[in-house]
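The first chain written gets the first letter, and so on, giving A, B, C and D; residue counts start at 1 in each chain.
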Amino acid sequence: MSVTILFLGPLADLAGEKEREVDAPLDWAGLIDAVGAEVAEQLELERVNVACKGRVLADKRALMAEDGDEVALLPPVSGG
Amino acid sequence: MSVTILFLGPLADLAGEKEREVDAPLDWAGLIDAVGAEVAEQLELERVNVACKGRVLADKRALMAEDGDEVALLPPVSGG
Amino acid sequence: MGEALAAFNAAHGEAGGVVSFLGKVRPDGNVRALELTHYEPLTLPGMEDLAKTAASRFGLDGALVWHRIGVMMPGEAIVLVATAARHRRDAFEAADYLMDHLKSAAWLWKRERRDDGWHWIEPRGQDHEDLARWQ
Amino acid sequence: MGEALAAFNAAHGEAGGVVSFLGKVRPDGNVRALELTHYEPLTLPGMEDLAKTAASRFGLDGALVWHRIGVMMPGEAIVLVATAARHRRDAFEAADYLMDHLKSAAWLWKRERRDDGWHWIEPRGQDHEDLARWQ
């Protein structure tokens, strides 16, 4: 009965870990509570996206993750 | 005691040959006389250049080729 | 990677022009290494969509989009794109388009190790401007 | 030609980006072959000057400019340019610049053989416009 939260890129530094298991179900309020103050502050920013089950949420505040789901926190990207 | 005239690209088709030996020295009037009417008509066009001794003439009408010189007639280019 | 490009060329014998871009870690100042992280469920499908969009937008015969992840040392290749098109202008623009998107619109995170540790890299203003050209 | 590009890459390990363009004879309509003619005393020095000008204008680490002459069949390579630069935008622009100049400002003459014989090719209006962008 758990959800996996993945911290991508610089968010892993802020979280101090790459992933964390939390109890299912998980909504936006639960996510904010679960990730610590520093990551929560980033999550509130427009430029940070959230994916659930491998899909980027159009409205991250509508998050509703269930048992076995993976929630990825996606800060601004840079490649190439 | 001769000058070699080279006909590049489509000018070789008009001339019916790739090169021709003519008596030295050779000036612009002599060149026009030597190349036949069709090539002469092309030579009068701005877009056709003339090189002497491997250098493109800034003013082709100032041509003054001497014994052993190569005169190249250069129509519009296309590569790539 | 040379082989990937050779294979791409061979596969697109009908194309008039093939453009490639190879990006490498620059042995710049005190950058000792680069690390690229991805998120597999998004990164690869995103790159496939990007390639399809470019192929359709520029009328390509083919597109190759290749990006390494993990730790890379100065001089090593990071990214390779190649585009095949009937006309060279399309091939050039498509390669440019692909790189601008990989740089600041693909699911990749980059950090570099300098003498004082690791630093996350965010796209520069120039990268955002480059991307905005296509919108 | 793959080897020329690989060697170019290896020689410019310090460059952040390498762009290449490979132009091939298109198996188009009824084009059976292409012939490129040069005039040696002008063509090669002209290509060397072109490479130097591009290297200086775009701050390149290196430039490769290679053009075949003679008769070529559909699918065969005609021209290869490669540019190495610190930033990808410079490498892209320089390769584009080199191709525009090779196409309509290098001492080369091109004709193609169709079913009804050989036809000389002159640069199209588009080629002249492409060239004018750099002036």
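Rule of thumb we're sticking to: contacts are C-beta pairs under 8 Å (C-beta built on N, C-alpha and C of every residue); 3 or more make two chains touch, one makes a residue touch a chain.
What you are looking at is a predicted structure, and each value in this text was computed from that prediction instead of being measured.
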item	value
Co-neighbours of chain C and chain A - touch as defined	none
Centroid spacing, where centroids are CA-atom means, of chain A and chain B in whole angstrom	75
Chain centre separation (chain B, chain C; CA means) in Å	49
Between chain B and chain D, centroid-to-centroid distance (C-alpha), Å	27
Chain A, residues touching no fewer than two other chains	80
Set of chain D residues in contact with two or more other chains	23, 88, 99
Each pair of chains that touches, named by its two labels	A-C, B-D, C-D
For the chain B and chain D complex, residues of the former touching the latter	6, 8-10, 13, 51, 54, 56, 70, 72, 74-80
Residues of chain C touching chain D in the complex	2, 5-6, 9, 13-24, 26-28, 75, 86, 88-89, 91-92, 95-96, 99, 130
Interface residues, chain D side, partner chain B - complex	23, 36-37, 39, 41-42, 67, 78-79, 99, 102-111, 120-123, 127
